[in-house]
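Structures are listed in the sections that come next.
Note that subunit A is present in both complexes that follow, paired respectively with subunit B and with subunit C.
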Partner chain A sequence: MAIASIALNVIGVIFLSHAVYSAYEHSLLPSTSASPSSGSYLLSVLDPKVNLPVDITIETLVSVVLLCAGVVLSSANLKPIQWNVWAGNLERSKDARATKEVGVGGGNPYAALEERSGFLDIRGEMKGFAEWKNKGGEGRIEGKKA
Partner chain B sequence: MSDERELVIQPIVTESVQHNARIVSNIRALTASLFGVAAGTLGLESYPGFLFYFIGTALVSVLVYFFKAESKPQAYFYRPIGDLWGGDMFGGLMSFVLTWTLFYGLCKA
Partner chain C sequence: MSDPLLEAPTQTNPSHTLALSQKARPYLDSRPWYFTTLPYPLSLFLAPESQERWAASQNLFLASLIADDLPVAYAYLEDITERFGKLNERVMALQGLYQEASAKDTKALEDVVKNYDELLKTDPTLMAIRKRRVAVLKGVGRIADAVGDLVLMLDASPTDAEAWAELADCYVSQGAYEQAVWCLEEVLLVMPNAWNMHARLAEVQYIQSQKMSEGSGEQLKTLSESMRRFCRSIELCDDYLRGYYGLKITTARLLAILEKVKKPPTASSDLVAGDLAPPKVATVYKLNELATAKLAEIVRRSSAEEKGWDGYSGAELKAAKAMIEKDTQKIER
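And then the complex of A and B:
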């Protein structure tokens, strides 16, 4: 998939630059402004003043469609937003279980439940703080985590 | 009220929502400038140019729907109509106009 999207992007860029350069060269031709009837049917429907040859028109449109598909395919995958689908993916994958931070493609999907402040051991925290203060306020607070 | 109830029964992951929105807006920004290049090269003026942009944006939405959302937009977007089809429709308009005028000036003037 990655190689296909890179190939699409490269082909699209080549065709698009070729089409733009062709359009530029066409605009330099002295007969360009004199013959408005030589325009392609496709563009004269859209805009009657345009007189670009049909092959340049088709090349531009095709290359832009190719590039669009390439950009869409080469972008990162979307993540499921439903909690059960997302958490299920995390539970099943081994790499995600090894990651600790939540929100970087891993971590404990139930961290929000397990670290609720309602379960905080407030007496333990206060005791740790009192010990730390009695020792003169140096070093780290040795509070018992809930 | 029923919306809130639905969210309690089936919670959604805000990180994933943000991630999806960022990816879609990246795609939109890139493709909007591409459409500007095409519109300027084709020499479109005024309404046909904007029409071209909206057709292109709809095409990108269809591509995202089939290739990225796997035809299940409700699994990846909280509000599929707003986030996938309608949202960001005007977000890329300015970059579209920028490259449109640049390439129109290069190829016509």
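And then the complex of A and C:
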């Protein structure tokens, strides 16, 4: 998919620049730059006074369509905006839980309701930690909820 | 990339606390000279202010406190106090934490509580200090006093979900499940999307139903509500191990009870309250199957260490595995 989108983008850019350059060159030709129609409904100031061949117009349109498709295909994957998908990702993967900066990441935002840092039982924590360390520091603190 | 300094030490991950406490002293020594020489507003001329620095300071303070490294903790506390002032509510709570941790005996701890009372007399709206007071009371086993304090606090601030959750925890520790369920429902009123609290409520209701008389309508009702709460937690969070584990247990229990009860009520038992009738056996059976399948999938993919499946805790996975194995043995017999 990545290669296809890059190819689309490159082809689109080449065709677009080709079309633009052709249009410019065409406008410089004295024979074709004469005003095509006298009965134009445009104001005379707004009338570009160029009689562009159909193939240049088609080339421009096709290259723009190609570019549109290429840009959309080469964009990054969409982020989940469904609650359950986002939450499931947090539960499943350590990467999704990582704290990148203050207020960004950090896993389940509602875990605070079970850790309750405002009611931290510091003496109990110290005791539990010391016991855990004395036992060789493996696993988790016993007697605490998982 | 994750910054471990920004993750607060938690009970469930003591090795993280250990790592943090070991980093505390080097981090303290690595402070640039201008950080300590100038008082707060002037130091801003020399050093850029960053949230990360203060978040890390608080985490390192807590970790070194838990690891009983009081001098380092004190240095961090001084830093924080210097920056945010003595009258900041959070700083006051951190100072209280330090005093609690450094209290040698019960007498000293009582002094800390007295100190909290003094602070609350001058300003009764200091919620952080109120919470500290509750935590000390609960820590020394005076649960009844802690509950009284919490009720008082929640009267003044009924949207404090953390306090409701703490109150529920106090009630559970006393075996007052009905009150605990009520408190957890309050938590869910404030934060209706908290999937872990849905699971917690379901767990409490499951425990509650175990104490009721076997096969009674009341037990059936509580158990089916517990099952529905687990379903809700799964609905809010894909691949939620805790939710599926609970769903498996509750449905297995419900199947056993529904078998015994001759004619389960098909309509709502209480039209005024509008509660639901117990689920049909076929539905419960299907849910049980689903939970088994999902648990098996989670265990399989985590133990195969698939990419993006490393987040479950080892103990929980082990429990799930044991339950699936027990289940298959039963079928083989």
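Please note the rule applied: the second predicted complex is superposed on the first by the 73 of 146 C-alpha atoms of A that agree within 3 Å, B and C clash if a C-alpha of one lies under 4 Å from a C-alpha of the other, contacts with A are read in each partner's own complex, and residues count from 1 in each chain.
By definition in this document, a residue touches a chain if its C-beta (ideal position, glycine included) is under 8 Å from a C-beta of that chain, and two chains touch if they have at least 3 such contacts.
Quick caveat: nothing in here was measured; it's all calculated off a predicted structure.
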*Of the partners subunit B and subunit C, which touch A:120 in the superposed model: first, second, both, neither?*
second
_Under the stated touch criterion, which partner chain does A:19 make contact with: subunit B (first), subunit C (second), both, or neither?_
first
*State whether A:85 touches subunit B only (first), subunit C only (second), both chains, or neither.*
both
*Kindly classify A:3 by the partners it touches after superposition: subunit B alone (first), subunit C alone (second), both, or neither?*
neither
*On the superposed three-chain arrangement, identify whether subunit B or subunit C touches more subunit A residues.*
C
*Which of the two partners, first being subunit B and second being subunit C, lies in contact with A:27: first, second, both, or neither?*
first
*If you stack the two complexes on chain A, which partner ends up touching A:72: first (subunit B), second (subunit C), both, or neither?*
first
*Contact residues common to both interfaces of subunit A (with subunit B and with subunit C)*: 83-85, 102-103
*Over in the complex, which subunit A residues touch subunit C? Could you list them?*
83-85, 87-103, 105-106, 108, 110-126, 128-130, 132-133, 137, 139-141, 144, 146
*What residues of subunit B sit close enough to touch subunit A in their complex?*
10-13, 15-17, 19-20, 23, 26-27, 30-31, 34-35, 37-38, 41-45, 48, 51-52, 56, 59-60, 63-64, 67-69, 75-78, 103, 106-108
*Can you name the residues of subunit A that touch subunit B in the complex?*
16, 19-20, 23-24, 27, 43, 46-47, 49-50, 52, 56-57, 60-61, 64-65, 67-69, 71-73, 75-86, 102-103
*Which bits of subunit C are touching subunit A when the two form their complex?*
1-3, 6-8, 10-15, 17-18, 51-52, 55, 62, 65-68, 93, 97, 100-101, 103, 109, 127-128, 131-132, 134-135, 138-139, 161-163, 165-166, 169, 187, 191, 193-197, 200, 235-241, 308-313, 315-316
